[in-house]
């Protein structure tokens, strides 16, 4: 490789790095430039008084409040649905799985992780048709179906992070409690899970982020543009990512578009906070655990 | 010995693992069942090659297959070189503070919601493409591929970087001590050793590109014709599924969605299996 | 072409830090040309780091920092190897290094040997073949590998691999050779061959050796230094 070749590679590499940063910077600057002006109480609560809206006394009609609440509820319900299953399956893979079985389970996990989100949404939609036909005529795509579908979406991530967090515990620490007479289950709950907690928690937080930002799944399972606050688990609801999608092609004036930008900023803000929290928890908890032991 | 209760808990762990496995299969099975009429009438394969003209009772998804192919390939063409360039920067040229900072930026990028990228794409990139290339509405394969490339690049960068940094340090030390420059070390030592990681990264990037819905839905135009050039509007399988599901759902029109879904699932399956196969190869080659 | 009594390496006020941790405290010393200088001392005190200071290989380690001056006589000029205009690849072609654990690259024996030449931009195949054979002979390895040059270098025994690494480091003609415990992972027989090799190296370059074995040092070294508590004392 001659001098010219080396210089080209170096130049290309720097170019790519700069382009990437420039592209990301452009996205952020553009968003802030266009949307910061619209970040006020009116964007969130519309014409309704903020206090009335928060205490649920009056409905909000042209503000982001229902979408924000919808996203929050969605995230909470999906994670609550996914967590026990993901945790349990992760524990199984890390602690009980053996050779071939473990390989096969892990393969299925990878497949599930790779399935396009629209297909998970389609599955959720099909599920609602199925339930509608055979269980109750009242069931349509709704908050519950969306939350269930999102839980399917993030399940592989939870399983994997739990499994990895547990597997990373060094073998000496695994055996300590057992040598002192602890049963397998006691070892898992009293020793291993606390040790793996930071990894597990950061996995949970990343799943929360995934649920908050997903659009394809909720599009097919119950989210709508105008629904106000969801009346029940079986009701339609609003969510930030869908609002952003919807408003991008359906905006009728600049004010509505401004709301779109504001929604984008809020959504990015939520995801950024979650990301940073996951990062910190992963590091701080590890430190605190190490010092306790 | 273990109490009944503890036994139950252990069984529930297994149940959870089995459930996740079942879920993966169920997703596919549901599509098969709901798409059953298509198989019965022997129409499945013809659907893959015919156009979508509802007025003429034609519900083929061929244009959408082409749309997915075009956008995925083009986004890889933009995204893969970008990803390699950035990962060379992070892992080889500037492994110090600058590289570590850039890596954090890349990780941050994976957290930005897809819909936000697409949203900015509509209002920033589309007008640019429109005026620069004087091409129709600006919503076409090119625009979608550019944004999609930005979306899939971070994942690829992290995988490439990871495999570059996994090269045994003894090889890197040998190269350094013998007077190699950073680029020489990359080309002669790191690259040959990491080819599996690179292919894995490319496949996973492709999988993300094929599976993406929002970017294509919002930026590619969604026309149902087979695209002829990068300036044509196109529709991907994923966007098609999203658009048609919004319509009514008991017609044959709707059931053809499942043909697309089955196809997407199989493509993803093949990619995942290939990546697994590649990583099993790795173990034989270690010194 | 023996240069007697010339100073090859001059170190002044050297301090080295890993983060906040100080490894060397204001070390100053000289090493003579065409002699074997050995450094001994307890493990973990920084002997390997001391070697790496001569070819700046420590700069790959994050949070490592150096203060002070290091001058090496290269091409008959005393060079400050930490000057801004010093090219690292060039420096490392003049200062060769052999590691504690042999590190053949995942290539054939021939390609391993030709690698430093390729890096230096030498393209003439005949010239390369000549140099490879010469270097392998100098390392007492030619007869053992001449019929399997295209075999993977990792198929050699431990001792052979280490001789390969020495040959590979020598092929580009360095003026200074840094040897980090070169025989520590080898059996007595393999070690003996390498010790013979090292004695011969003196004629064409200066040798800086780190070792644990006091008998080995007694056999090989012209000068001995002890590294303890971050300071160097002559022995």
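The first chain written gets the first letter, and so on, giving A, B and C; residue counts start at 1 in each chain.
Everything that follows uses one rule, which is that a residue touches a chain if its C-beta (ideal position, glycine included) is under 8 Å from a C-beta of that chain, and two chains touch if they have at least 3 such contacts.
In this text, all values refer to a predicted model and were calculated from it rather than measured experimentally.
Omitting chain B while holding the rest fixed, one finds the remaining chains separated into the touching groups A | C.
Here the chain at the heart of the shown protein, by mean C-alpha position, is B. Separation between the centroids of chain A and chain B, computed from CA atoms only, is 18 Å. Mean C-alpha position of chain A lies 53 Å from that of chain C. Put simply, the C-alpha centre of chain B and that of chain C have 48 angstrom between them. Across the assembly, chain B contributes residues 181, 184, 188 that each touch 2 or more other chains. For chain B in complex with chain C, the residues that touch the partner chain are 95-96, 170-181, 184, 188-189, 192-193, 287. Across the interface of their complex, chain B is touched by residues 55, 57, 60, 62, 88-93, 96-97, 99, 101, 103-106, 115-116, 118-120, 154, 165, 168-169, 172 of chain C. Per the touch definition, chain A reaches chain B in the complex via residues 1, 5-6, 9-10, 12-17, 19-21, 23-24, 26-27, 30-31, 34, 84-89, 91-93, 95-97, 104-105, 107-112, 114-123, 125-127, 129-130, 152, 155-156, 159, 183-185, 209, 212-213, 215-216, 219-220, 241, 244-245, 248-249, 260, 264, 267-268, 271-272, 274-275. Residue ranges of chain B in contact with chain A, taken from their complex: 2, 6, 9-10, 12-17, 19-21, 23-27, 30-31, 34, 81-82, 84-86, 88-90, 92-93, 102, 105-106, 108-109, 111-120, 122-124, 150, 153, 181, 183-184, 186-188, 207, 210-214, 217-218, 238, 241-242, 245-246, 249, 257-258, 261, 264-265, 268-269, 271-272, 275-276.
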